[in-house]
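Please go over the structures that come below.
You will see subunit A twice below: alongside subunit B first, and alongside subunit C after that.
And now, the complex of A and B:
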């Protein structure tokens, strides 16, 4: 007889955990209502309200009772992507409604809030039902956002591609959840369930463990799709290039945060098993090492030959995900903390990079790296800010990016103390980090080495862009230099 | 106070960049303040080092205790002053960029030389590299973009290898500062993979100091870089690699042989490559800047020799350390002065092709005198600073050698390293490595038997001494071609040196002579 599903899920959730999500959903609902009923309100107000709403919720998540780094990061990322849209409301109107009509553009600023609420729920999830539902909230919203610029062919193509591949990965995740339930008899993700199931606590046969491992592997596939780990990375370059830049920023920053939050939730139950010699631990570490290496190589080597800045950032996001995955190779380490820290550095630098790309795109009409030419001459200060954010992505010392990349190396070195055979990952990381120097510096090179063409006017820096670039630069430098000179 | 040595150049660079203040003047003021501060900090007694390194009450991980870091900071402030004071940029925008880059390189180098934190030590150096790349790419001579790009990738890879080595060392020793590392060594903590760590460190640091065969980036980069950048990079920043090797060697003195020992024979062969191979390469170039670049690579060999002697003595050879410190300082001053004069020669004659020059001394006798002085210093003539350094290093190679007995570690184990880790590498890589190192060791030990009981370090020294002859050949030949003989067309263009040119060069010359006459000023710091 089928029991109520709630008996298989965790009963430990409290309303308080989801307050930030409710606030965000409420705000989104208000904005969508207003979009329908108060037509006279300029749409810039929507983006301001949504952006500041997300920022405030970020503070709330950070300081609240259920403080959660990933939730905070998701809000921050959402706010950054909405503020980016604030600078380019005219572009949004032209690409959505056509002309200067603001008709139907309001949702573009409200929908990221819904997705963000999904991510916050995901960070609190301890059972697979919650994981699935909240993940779908994020993903479904992202499909809409990716294809939102319906007058832009690239955006529509990106939306479809993301939908098809995303649906497949969701299918795999659900299939994994079903296997998980079948093998363990519950949806709850915790170490007791995992250990019991692996030992055959439910069914005393050797096949249980194998089926259970398959369940776990399928679940990981779902998470890998979100973070863009190889081989589930194929959607990233096309979707990043085609989607509206605010959406790309959201996907690169907030949606990836969701992926890593999910990965943490999935991996945490296995941490107690992280002893060399236990077959599950060995298998997990090997699997993560292979995925991380593949992700690093594909992301970083793929980026070498890109000429389109958005596509370059797409490959860069794959490459950076590879460095974060190294934290999970060190299975008994504090991967939640380190991956959140890496995500913070990555969020600030990547968001700044997308602001720069959007600015160049709208004013010089091209997303190619060559469009950055001569910024060192025409806009020396802005060029410096952009340099810092790309340098941080490359991991240049005295920027935050260096500190986190260094932690990634340290994670591998600690993992090597248990699994000495992981030494082969070291040269992979060295090569990929060096490749990073090459392709991120292409942008810096274009800014300083190329001369501006005769008709290149100095870029006019929109308000939010200037503000965000400056703030990100200051944080990246402070977080990067202070630990080095005053001790970690 | 120590942090101001880094903050002042950074602030000055920000003032020039953001407020568009005049480049050379602002930089010169900053460099003068740094000079005063730097000399004061270096002269301060060692026990005061801790109180100097606070900022807003917060203790910082800076220190200026060892002789090596004091000498390097001194070198940095001296060369910075000469570089920014003597800079001659084509226009005011270029002047600003040059000034900013010079100040940032200087800040990065000084930061690296003062950092107790190993990662800050690494990080500051990287910070200093970036302006170098940008400047070569923007204002270099010749095929500047290719050169800058090659240098970026070359040094980027080296930095990453170095970072991996440093992180491995730190993680295995559970210490992230040099002081902590020394403590760990005292408490008997040992690295688990010493051979791998030392290998990564030697390749990483080695590339940065242009150790043969990782030197190919250096000469083109120096030849191409604008004068102040070449001065600062070749003079100051490149010493980072050797500074790192020596500081780690000193910090881990009790275990430095265990750490680096298995690579020592290979290192000896590579540094002979620097001295002899690159030495011969230096004789060939037809351009003065190429020659200077190669000569700077060549001289690194002697300092590496001091390091090898230091390792071979298991970290007890103080003389090698002092000699290396002296030579690093002297070479930094000399090569900076040579690049400065090269820049002046170019601006006077508008060429650096040796074939088209001649008789410049008749037009500009002062320039001839200064170039001669710097050239003599570079060759290693007595009473000039380089001699003190080179001589001390040569003596130190025989420091604890008793006639008839080989040094404990020199050229002994024929099968190379006692490094089981390497030999256990999969797919036979370990075997290949083992045989390569083993082969080198075998050659060296056969030679030492042939020489009747000389150790590997001493045998290497015998070969290395020939490098002095090579220096004399190319330097004297360059002097003769440029300054003597018939006055060539290019020399006709020469007008007059400005006061700034003279002061900048004479400033460096004065210190080369001062430290040559009284090397104890440095050795007793």
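And now, the complex of A and C:
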């Protein structure tokens, strides 16, 4: 029995849902206006205002009526990337305006807020128009931010590469949206729409179902680009290495959160179909399993031979995305919750790692892993904090990273109850988790086993870097040892 | 005489394929940009055609046309950012060829 299309034809949004987004956009507008008209204000004030604004909105999103974990994570990631820029305003000025002039650097602190507002809208989207517009708000601002250090060739190159590949994935996503509409007659992402259209719509034709599958595949390609899943991962190492480090942090934590929020929105309508034997469910699970395996292998094996720390973290972010994709292989599980939890562990550890890279880069003049040499001797406390964050990325027991990686394995095992053929994914995951230990420990090895050179002074730890490193480390260890404490 | 839906879809499919191939094959960044715009236009054509086809009694479903308006607006923003980046790139490398983008690689 077909349902009348008009019953699910209009998406319902309330103004209250978008209050956090409005606050962020308002703050960004105020900052850009101030940047234009109040020249005397130092730019560090902007980064402080933007960072604390994002933190407050994170609390609001988390506690408010429309609580959503991905929105909170996005605000947190944005705040962390802005605070990183706060520590290095001098470097930003030198790379943007050349010299010590602060001319034209204000937007660098305001634009992440706009992108964050886009992510909050994206997490609440229930139809493809909202998905498209809010996704573009995020990506357009990211292009600007990636190419912001226009005197630096790497940054411009990262900006162009990101723009070309990003626009291509947008084109694919939009083409998918057009076909989604053409086959189903609505933009709403809803299980009723999906089930009806897969039966062939009102005319029950196989062509409609086939066209709909193509549309869904194109939409997934767009989402895979955002999260950096194979084969749409090509941009990640180049852009992460070339972009300004605050922007790289933003892309690695906030933008990836947006990708997984989008993936959840797209996959949720298919959850009711997640019964073995239904062809669509089998197809989706197989597709996700292949993409997850390819992502895991490319990310983790590609990282093995990297010497540049930012590029290493780029490959690491591909590898970690592979572990998160495993939650989606378990199609009838609660993948929103688990992927948000994994993203929290990943956000804290990755942000801390980027703070460390920025600190080493500005004071030793190199982003290579070898620049971490001897930190264990010269800065023992900082070296310990960096060790914990890299250990959590690798998944060492007693850190948060271990717990979430374990959940990833559990998700695969519970998926195997329905789809036993997925067992081939288990050795892939084990190989990749082991490879992680090798390449994350390259940094730790450089800190403790390599001798500092004669002219290496101890690093001076900027205020925000010290604070963020300590807080992230404490949370990573507390969450990691929580099962032990709670168990006793 | 009305043109059937299939013709629009085939046309937009061809346009999309040409755009995608151009992005992947061409070396000149400006041409790559035109190809990107072509992909978005292809999506617009399908959207407008579908909006008419899904309509009843000659009234199209306006949802699809709203999305195509959004696409036009966002494509314009994207081009302005892209051209700014191309100008910055030309200043740095004196070239608009994608082969000159070679500082970042494994």
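Just so we're on the same page, the second predicted complex is superposed on the first by the 473 of 488 C-alpha atoms of A that agree within 3 Å, B and C clash if a C-alpha of one lies under 4 Å from a C-alpha of the other, contacts with A are read in each partner's own complex, and residues count from 1 in each chain.
Quick note on the criterion: a residue touches a chain if its C-beta (ideal position, glycine included) is under 8 Å from a C-beta of that chain, and two chains touch if they have at least 3 such contacts.
Everything quoted here is computed from the prediction, not taken from an experiment.
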- Considering only the touch criterion stated at the top, classify A:128 as touching first (subunit B), second (subunit C), both, or neither. second
- Message: A:164 in the overlay: touching subunit B, subunit C, both, or neither? Say first, second, both or neither.
- Response: second
- Message: Quick check for you: in the superposed arrangement, does A:380 touch first (subunit B), second (subunit C), both or neither?
- Response: first
- Which of subunit B and subunit C A:182 touches, first, second, both or neither: second
- Considering only touches as defined above, state whether A:154 meets subunit B (first), subunit C (second), both or neither. second
- Which partner does A:454 contact after superposing on A: first (subunit B), second (subunit C), both, neither? neither
- Which of the two, subunit B or subunit C, is in touch with more residues of subunit A? C
- Message: In the overlaid three-chain picture, which partner chain does A:402 touch, first (subunit B) or second (subunit C), both, or neither?
- Response: first
- Message: With touch defined as at the start, can you tell me which subunit A residues reach subunit B in the complex?
- Response: 380-381, 384, 391, 396-398, 402, 406, 409-410, 413-414, 417, 426, 429-431, 433-434, 437-438, 441, 444-445, 448-449, 481, 484-488
- Message: Applying the document's contact rule, which stretches of subunit B touch subunit A when the two form their complex?
- Response: 3, 17-18, 55, 58-62, 111, 115, 117, 119-120, 122-127, 130, 133-134, 137-138, 145, 148-149, 152-153, 156-157, 160-161, 163-164, 167-168, 171-172, 176-177, 192
- Item | Residues of subunit A defined as touching subunit C within the complex | 9, 128-129, 132-133, 136, 140, 143-144, 147, 150, 153-154, 156-161, 163-164, 167-168, 170-172, 174-175, 177-179, 181-182, 185-187, 237-238, 241-242, 306, 311
- Residues of subunit C defined as touching subunit A within the complex: 9, 12, 16, 19-20, 23, 29, 32-33, 36, 39-40, 42-43, 46-47, 49-51, 53-54, 61, 63-64, 66-67, 70-71, 74, 77-78, 81-82, 84-86, 88-89, 91-93, 98, 101, 103-106
